[in-house]
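Structures follow.
Same chain, two partners: chain A is paired with chain B first, then with chain C.
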Partner chain A sequence: MYAQMVKSTGKGVILREEMSPEERAFQDRIDAGEKIEPKDWMPAGYRKTLIRQIGQHAHSEIVGQLPEGNWITRAPTLERKAILLAKVQDEAGHGLYLYCAAETLGISRDEMTEMLLDGRMKYSSIFNYPTLTWADMGAVGWLVDGAAIMNQVPLQRTSFGPYARAMIRICKEESFHQRQGFDIMMTMARGTDAQRAMAQDALNRFWYPSLMMFGPSDKDSVHSAQSMAWRIKMNTNDELRQKFVDQTVPQAEYLGLTVPDDSLSWNEDKGGYDFAEPDWDEFFEVISGNGPCNADRLAARTKAWDDGAWVREGLLAHAEKKRARERAAQ
Partner chain B sequence: MADGPDQSPALLEFLLRMGDNTLILGHRVSEWCGKAPVLEEDIALANIALDLIGQTRMWLGLAAEVQGEILGEVQGDRKSADDLAFLRDAWQFRNVLLCEIPNGDFGQTLMRQFLFDAWHDCQLRQLAGSADDRVAAIAAKAAKEVTYHLDRSSGTVIGLGDGSPESHARMQTALDHLYPYVGELFLSDPVDDALSAAGIAPDPGALRPAYDATLTRVLGEATLVIPQASRARGGGRDGRMHTEHLGHLLTSMQWLQRAYPGATW
Partner chain C sequence: MTAEWPLWEIFIRGQHGMSHRHMGSLHAPDAETAIRNARDVYTRRNEGVSIWVVEAAAITASSPSAKGPMFDPSESKVYRHPSFYDIPDDVGAM
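Up next is the complex of A and B:
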């Protein structure tokens, strides 16, 4: 769930009678559950909104490597190190599928990277929080990947073919990620006093930022309504957040950890938990660049991009030389 | 194994050399995670690090077993691969110095990888026929991975060496910096003599012709000049004198195990 507050381009859902014949035919295909493929006609707004959404998702995978990459060199055992490496590698792979899916819409990976680095494109707010102890590797897998799965499972049925197919591959790996996170939490929760304290501290710090991952309530959002009509957003933010809380609270109980919310209680009538909203002022601060790690994350990505320029240019120069030699030999 | 002098202490030393090489180099490569020049390289480097850490688990796992046999430890008291990785100090490590040299730029990382892979590939092919079945089994598995590592690092060294003027200059600088550490891969001592006599491991010097042939071919295609051989910088594989870099690497790698002794992770 790495796309938050993606704005569609219009002012709201276009009424059927206002649609052009092409738009009407397009909407009919979506309503019939057909997949839209890159070469098919699509409204400009659909294309733009998808580029924003898939691009943001891809960037989140790439920036999301950093908080976990932060612990690869300090992983406590060889097995944990290998699992964490494999997980972070998967995330880079997810970024790759998603950039490829976005490229089918007529934008290049390099353009999207530049838009990330100059602030025109965003990534998920969650990756602007620091990973301070090893238990955070557990919390990130359990809560952050858990929240991501809530959103990504329905997106396997999204209307844009390349995006839906990328999500199918991603979801398979994400569930492994969540399990490994929960396994770290379980080991910590059953470990020494210090490990239990670390696990609780990680839950305390990651609980509300995880709830923020779904974005603020969008039941009145015109952008969300249009995205839902286009089937590039499948559920409201509140529905997904509720589902996440209902799934996660019993897991926390099983671990013997306390969710940092005094108001948390089971509501028999709605068949779900009542819970406290995160601090949305903090959320808006984080997405506007003022979170705990925004500057560090972007600086790390910018440095990787700038330091790598000579490598990209060198490999390109080699490829050109090779082609020239092949032409000369013909 | 055939009857003869007890090779266990030499075998232990040898296994530490193999496992420490892959542990320390795998650690170095993993430092790139999320920071490589292109996404495909990020994925490839993580993959190589992952293979090396996997090989470490096998080599150090066997080392722990052999150490237990030497010390006559009962099963429950035996050390694990993790104990060896996380609870030894710098002077007890047996990796060649090449593996602990810091990453530098991407060119230096890839050159280090190529110089190591070219040796690792020859070494593992020989070890796959080891008189010790356990060694042969690990080597056969690792050799498949390392063939790919060598293929990839050769390709990148060629691409960057025979690339732009800047990439060429950077690759030559990397080669000049790292080449003095190559010689250590081929030094031998009584440990090697004993294992080579028992058919467990090849004589290091015997691998040099094949290694030099790979270097000449790849670096030639990369339009890079192999520096004049200087005195080999050694001291890693016998633990006599590591670089100052190793201690810093261990400081981060071993932090949790040292800070919370006895915890299970």
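Up next is the complex of A and C:
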């Protein structure tokens, strides 16, 4: 997901008998499907975990612009270029909705940005892979946005009101992202041999990193258990991964492309595919900063932050001067 | 770290003569820029024909702890709804 391995309290689900009266009333509201709003009482752990999760999600949207931005100037047609620009602009919007949702919990956007830049906060592992050919724009839309949707659709029902509302907006727009990606893949899969090979190569490179987006199995994770009790995580990582594979394999077949997994087979009993796990050692390397593009991505974000400082300061100074002039004229 | 741009709440009126609705918030140095940013962030797909921006600090909200005393009294006043009254079918549409 865009938020991976978000740490919760680390103590597992707090037992009802151990809860304070406030905590019990809070849990009852969540169990009854009520939305928690920013000014409502909430346990410190709920607030902290949500800031981590929404912050990581927001950073992923922003950093996620970089691999696609790489192809705006190289898009094969003017129409594709306009579409890609619109998509990258959407990602910026998604980042903004999410930063605003996190801010309602009492952290500022600048603080979150600084935590991203100094490594205290993370973004999704998927954006540390390079986009080498135009077919990667197809694979990213189809697979990466497809995997994101798997997680985001249930999050529309999450317990924290501002997060749920941001998700509703994001999901509406995300569907365009996935469809435009599949459209690129269809065009290439029906194209020349070289274009088909390019599409297959993109699928080969993005398949396992897409499966990693859901994070390692969390069926025994104390963090996930607490997050699920709070309804800020709606499904286990394995459930979502299975759903993604079941949805995506027939789409690959439709494209005439081969999923790079020899062990892939339909399992009648479970009504889903059996498939190979991604290389989790690689995943842990990537999230700890050693993926192919980690250094580039952070350098690009740091440069944008530093180079934008004079704009942020200048516009603020201008606004203050204008207000002073208006006051003087009154 | 320099001061952050203030937060603005964004209200947008959609196509069909509805009232302005709260869409979300954003940061901007002043009201004019807030409107320009709101156009880019919240109306990329024809969502609106008019934008209001209000500095978030200027909003006074009811307190969550007052929710009971504020809103519960209307719960029992079912006679305020048309469905409370049984009008015989013979009367026709009303």
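To be clear about the criterion, the second predicted complex is superposed on the first by the 329 of 330 C-alpha atoms of A that agree within 3 Å, B and C clash if a C-alpha of one lies under 4 Å from a C-alpha of the other, contacts with A are read in each partner's own complex, and residues count from 1 in each chain.
One rule holds for everything that comes next: a contact is a pair of C-beta atoms (placed from the backbone, for glycine too) under 8 Å apart; a residue touches a chain by one contact, two chains touch by 3 or more.
None of these values were measured; they are calculated from a predicted model.
Touched residues of chain A, counted separately for chain B and chain C, are more numerous for B. Of the two partner chains placed by the overlay, chain B and chain C both lie in contact with A:Q89.
Of the two partner chains placed around the shared chain by superposition, neither chain B nor chain C is touched by A:N204. In the superposed pair of complexes, A:T258 makes contact with neither chain B nor chain C. Using the contact criterion defined above for the overlaid structures, shared-chain residue A:T302 touches neither chain B nor chain C, since it reaches no partner.
With both structures placed on the common chain, the touch criterion links A:L315 to chain B and to chain C. Judged by the touch definition given at the top, the superposed model places A:T77 against chain B, while chain C stays out of reach. By the touch criterion defined above, A:T187 reaches chain B but does not reach chain C. In the superposed pair of complexes, A:E103 makes contact with chain C only, with no contact to chain B. By the touch criterion defined above, A:I62 lies against chain B but remains apart from chain C after alignment on the C-alpha atoms of chain A.
Overlaid on A, the two complexes show chain B and chain C touching the same residues of chain A, namely 86, 89, 93, 96, 109, 309, 312-313, 315-316, 318-319. Those residues of chain B whose C-beta lies close enough to touch chain A in the complex are 23, 27, 30-31, 33-43, 46-47, 49-50, 53-54, 56-57, 60, 81-82, 85-86, 105-107, 156, 158-160, 162-164, 166-168, 170, 252-253, 255-257, 260, 262-265.
Chain C meets chain A in the complex at residues 1-5, 7, 24-27, 29-30, 33, 40-41, 44-45, 61, 63-64.
Residue ranges on chain A touching chain B, taken from their complex, read 62, 65-66, 69, 72-82, 85-86, 88-89, 92-93, 95-96, 99, 109, 134, 187, 191-192, 194-195, 300, 303-305, 307-319, 321. On chain A, the positions that touch chain C within their shared complex are 37, 39-41, 86, 89-90, 93, 96-97, 100, 103, 108-110, 114, 165-166, 169, 173, 309, 312-313, 315-316, 318-319, 322-323.
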